[in-house]
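In what follows, subunit A forms one complex with subunit B and a second complex with subunit C.
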Partner chain A sequence: MSTFIQYTLSGLAIGGIYALVALGFHIMWTAAKAVNFAHGDTLMIGAVLAVLGVDAGLPLWLACLLGVAAGALFGILLERFAVRPFTGGTTSIGWMLTTIAVGIMIESLATMQFGGFSRPLPSPGVEKAVHIMGAGIYPQELLIPLVAILAMVGLKFMQKHTLVGRAMQAVAHDKRAAALMGINVNRIVAFSFGLAALFGAAAGILVAPVIQVSATMGTLLGLKGFAVAIIGGITSAPGVVIAGLLFGVMEKFVEGYISTAAREIIGFSSMILVLLVFPQGLFGKREVLKV
Partner chain B sequence: MPSHMLLRGQLLAATVMLGLSSTLAMAQQQPCIGNSAATTGPAAFGGAAIKMGAEIAIDEINAKGGVLGKKLSFVQYDDAGAPPRGVDNTRRIALADKCVAILGGYHSTVAVAQAEPVNEIGIPYVGVLAANTKAIENGANPNYMFRVSAKDKWVARFLVEQALKASKTGKVAFFYENTGWGNGALPDVKDAMAKAGKELVATETFNWNDQDMSPQVIRARDAGADVVLFWALDREGNQILRSMDKVGYKPTIIGAWGIAGNLGELAGPLADGVEVIQTYTFMGDMDPKKKALWEKLQAKYGLKQPSDVKMPSGVANAYDAVYIIAAAIEKAGAFDWKKVHDALYTVNLDGLVAEYKPAFDAKDPERQDAILPKYYKLTVWVDGKLLPIEQTKYGKTN
Partner chain C sequence: MRHLTSLGFVVFAAILVAVPLTAGNEYELRLFMLFLIYGVIAVGLNVLVGLTGLVSLGQAGLFALGSYTGAILAVRLGFDMLSASIGAAVVSGAFGVLLAYPTVRVRGVYLAVVTIAFGIIVENVAIEWQSLTGGTTGLSSIPRPNIFGYRISGFAFYGVLAVTLFLATLATYNLKRSRYGRAMLAVSQSETAARALGVNATAVRTLAFVVASVTAGIAGSFYAFLNSYISPDIFTFADSVRFLLMVILGGAASTFGPVIGAYILTYLPEFLQQFQLWQKFAYGALLLVVMFALPRGIVGTLWMLVQRLNPEKREADPAEGISAEQSLRHDVRDGEAELVARDLTVRFGGLTALSKASLRVKPGEVHALIGPNGAGKSTFVNTISGFYKPTEGEFELDGIQLTGKRSHEIARIGLARTFQNTELFGELTVLENVLVGYQQRLTYGIADALLRTPRLRREERESRRAAIGLLTFVGLDAYANEQARFLPFGLQRRLEIARALAAKPRLLLLDEPAAGLTTQEIDALEEMIRRIAALGISVLLIEHHVELIMAVADTVTVLDYGQVIASDTPAIVQEDPRVIEAYFGASLDAAKTEDVA
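Showing the complex of A and B:
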């Protein structure tokens, strides 16, 4: 029984990370019908800058705040220079390639500046494990899925009840109509990329004490977060969060009861399977393209 | 027709010339020592360590007049851990720079790839970090691949010996990373256990960047292992320690040198008591020889404290390797690959890491490796520092 609880709790912690990353993809997609494939690296940017800030003698909270702010700025700049010039065309190849390229560049730059070693980000949340029915977990890990759910609820609230949130939905629905209604489409798209990156950088800082900070920490998380967003249905915020949590728990059970090596094989096979059965993802709405 | 004939004649002449110039090149090697290692990327500290050790040894040798009246030089190229770049660098060092010998780098995958061009060209290669068994024991004869570093096969034996000494139940688990290095060590560890008449009770693997190891840790715990061997790097080593902490599992941990970097910083008090094999360390008390080397490192590279040297084994191995190569050149009496290769088997030297008598043995294919297991050192993490075990409380209980 304690093993079962252990896998569930550890899985929720990992799944919470995927969910947070996937939420970022959801935000970008719903506003721009494009995503930043360097989104995993926004996690890294937030966490790396927080560690460098602490190194420079800043208090932890200020270092984290600066990391989040820098992440948001990165998202806005990336949208302006690597996404917007390429979304006009008929294919998605342009922004896919440019954002992947930016991700690789950022990662190389971080390796040069930050070095090859992982570094810890101090947090009271990982000092001592708590025990729940025989299973051990760090409080910081419990926090991650909670934050993911809160973020999703907050996002929903914003989309429904604020002007900017409704504008984001309008832009997502039809750019031209939104523009005719007086919405500054470019600004809304830039805002949503900035918001997604802010989310990403904050998520990076939140998970850093658990997974350690390194130049490559975001690569796999970005990929899995995207997979989760697709599985959950990238148009649905609750969908991607639920899919993220489930995916994390499933991984732990595969690792625990089958083998560690089988994890990626089963994980990605199930993604393909889900897409075959539910082309829009588990919770995604069917998108009708009008010609 | 005549124009064709002319062309053919020119081609023939060109071929002859090329052949001549290449034999000429063979006869004239330069007093330089090359190195292909990762100087960028996550393992850049490995390349930096090799550079430090080699340059200091070369400075010392040159200050005493060089070798055969010529000053040695050092040339390092980046392979970033990529085998094709390592092969490319090997050819460049041998055929363009015409160096008399080449030092190996950090990555085992690169060393394995270099074995073939090294033996084809016939340039003496001395590995100073990568520990993969097959890179050096590659079956070639004559074999130009040498090593002044740890060898996984011997490391496995050494670690298993330590593990069985520390274990009360004789139950040992093995955690290894899913890479060329980790997978290469698995048969070595299994063999070493079999030689002691035992079997591993759990073999667990994991990928780079894995965040949580609780399933693996639970299996090892439930199998009853009271000693766990690590073939991991610092980041994943830390994640295993944290997962062990979470499920309340406290075995004795002994690791290969992948966790000799910054595990203490990552895991904090959880790292205390984790033992790591190395060939050399600057931590703890220094004897006069070590102190002299440390002062030179400090002066030349602006280091502040001994823990700034991230891979001390690499520094000392490269330092010893350069001295062994220099002694071989003296004995050979020429900067000639073949002669230096043969002379390497006759070098006797009192080095930093070991007493090499002789450095290599032509009769024993296992002895293309210079550092015997008896010179391996156990160090232990205490308060974020990796100290020689005999200088800590952990050494006294052993």
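Showing the complex of A and C:
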């Protein structure tokens, strides 16, 4: 029983990270029908800058804030200079490759700056484990899935009740009509990429005390976040969050009962299987082709 | 231009023969053989990236799969190099289908993610399945290259690799010039239009990925024999990026670009090794620079310069064409087509766009469908051409049930359409656009395409003649070799008609063909519709332009709020009070009566 609780709780923790990353992909996709393929690196940027900030003697909260802000800025700049020049074309090769290229460059720069090794980020959330029905877990880990759910609810709230949120929905629905209604579409898309990257950087900082911080920490988390977005349905915010949490729990069980290698095999195979059976993801809506 | 490519193949062959004769030592030759292997991957990947515009970031995974399959067949089952490589090709191809089919029918972008994931799956399976793959220690003791049990020398192995790359390049060049290549280009530029012309977009994209998978698999098997040792960590994500960069740097969609890209990126790491940590950064930077400064790649850019200096003739020779009357004539027993739609209802969420709409296009007539904005005309058109699924109701063409069929299937049954907002294949030439329309009438298969058989040449020649005839029919023969996106708007509309006709439809659906045209152009359109009807093709015309409808239509059906409110000859419909009300609101008399009541 305690193993069961243990796997579920730590699964929800890592799943919350996937959910936050997938939420970012959802935001970018609905805004621009394009995504940042270096999105995983926003996690790394947030976490690495937080660690460097603490190194420089900043208080933890300020270092984290700086990390999140830098991540968001990265998202905005990337949209402006690597995505926007290519979104007009008929194929998606352009923005895919430019964002991948930037990701490679950022990662190798970070390796040179940060060194090729891993470091922890200190946090009050990992000082002492709590025990729930025999399972030991850090408060930090309990916090992560809550943040993911809050982020999703907050996003929904923003889309319903604020001007910028409604503008985001209008842009997602029809760019041209939104522009004719006086919405600055470019600014909304930039905002969306910034918001997505902000979620990414926050996820990086949240997970940093639990796993270690390294220059390459974002690659696999980013990829799994995208896999989760595909599984949950990239058009549905609640869908990707639910899928993220489930995916995390599933991973922990497979890892615990079989092996780490099996975790990757089964995780990614399940994505392909879901695509085969539910092309739009578990909770996604089919986008009506406008002819 | 074609001579230039032929010359390219001669030079390429000469280089492949000359290199081993001049190689200074074994290491040099080995590195060149590595380039040949990478070249095979790049040439195959080019079909996916250059023609269909999709990206794979998992070629290293397929390369690894091929490597392991080849090695396992040779070590455990004693296959020789050739049969092991064929086995590798088959296995990689099968996984290509498995990966591509579920993915590309949803979103092309997903393919990049799925392929990265596949790379990780392969790596982990190789680690985990120790009894078969040797786990993390890998597979050593792969036999020396051998054919039918006879060991072959290093030079003979070089010969096998050189011939493989040469043939792979030639085969993809042939593929590009066949109907498969054209379909791939068409799907990448407008999936909607391609589907409406009978092209199965999912199948075409899957085929492109399978080509890329099979070549990566073969290359992988050869690599295993070249290296005689493989392990899971040889095949990394960085390699996948490098393979992709080979295609982009050399020139996606060009014939020799990927080969040149592979050459540069085989030798560049040797050079970059001195920079150590900066090596990865340099890859990223190179990719970024190419995307912004040289998006067509080296060969693509050179090719563009050549074309600018030595432009092709813009017009086609009308004498080469077969007249439209001849190429579009249907057998008498086919008769003329009748479209029947019964009680079609289409709902989008809570909105009912079409409510129990019934319509019958009688054989051989010009039938106009009109209605105020938002009446459901476009919904009707998109439903009967298979882009929307009706919530209720059914429709058929000459008794063939079309309900539930997909758009490309409906197109193949004989319904062709044009689009309100023109959907041309912008970067194809005017003539090629029409050739895509002719696609479904060709019968040659993939083997004919790769080998460029006489059957292919005959059919291609015929389709070209028919296409030129159709361009003459709509008055575009003078623009045959112009890129479609450079045509003025009015001519783009005519090109859409020619392209739709090339499919030899029995029913032609014109979606607001007069929108945006000048008065003279509308007169020409009117005359063209008459000529099309005279060919025995039934026409369903969706239009706002009343004069045009009154002039050409035999029957007019009026839609309002998703319902058919009238259907009769133009003269009668014009007088129908409900139609007048739909367009102008209630008449004065009617309004007065209501007041009194």
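In the analysis below, the second predicted complex is superposed on the first by the 291 of 291 C-alpha atoms of A that agree within 3 Å, B and C clash if a C-alpha of one lies under 4 Å from a C-alpha of the other, contacts with A are read in each partner's own complex, and residues count from 1 in each chain.
By definition in this document, a residue touches a chain if its C-beta (ideal position, glycine included) is under 8 Å from a C-beta of that chain, and two chains touch if they have at least 3 such contacts.
Predicted, not measured: the structure shown is a model, and the values here were computed from it.
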Which superposed partner A:V185 touches (first subunit B, second subunit C, both, neither): neither
Touching partner for A:L77 - first (subunit B), second (subunit C), both, neither: neither
Contacts of A:I5 with subunit B and subunit C, given as first, second, both or neither: neither
Contacts of A:L52 with subunit B and subunit C, given as first, second, both or neither: neither
Touched partner set for A:A13, first subunit B, second subunit C, both or neither: first
Touched partner set for A:M112, first subunit B, second subunit C, both or neither: both
Partner chain in contact with A:A261 - subunit B first, subunit C second, else both or neither: both
Intersection of subunit A interface sets (partners subunit B, subunit C): 111-112, 219-220, 261, 264
Subunit A residues within the subunit C interface of the complex: 35, 37, 82, 85-86, 90-94, 96-98, 100-105, 107-109, 111-112, 219-220, 223, 226-227, 230, 259, 261-262, 264-265, 268-269, 271-272, 275-276, 279-280, 288-289, 291
Subunit B to subunit A touching residues, read off their complex: 40-45, 178, 204-207, 209-212, 214-216, 218-219, 234-235, 238-239, 242-243, 245-248, 261-262, 265-266, 268, 310
Residue ranges of subunit C in contact with subunit A within the complex: 49, 53-55, 57, 98-99, 101-103, 105-106, 108-110, 112-114, 116-118, 120-121, 124-125, 127-128, 188-190, 192, 237, 241, 244, 248, 252, 277-278, 280-281, 283-285, 287-288, 291-292, 295, 348, 378, 381-382, 385, 387-388, 419-420, 426
In the complex, subunit A residues that touch subunit B: 3, 6-7, 10, 13-14, 17, 111-112, 115-120, 126, 129, 131, 135-138, 207, 210-212, 214-217, 219-220, 252, 255-256, 260-261, 264
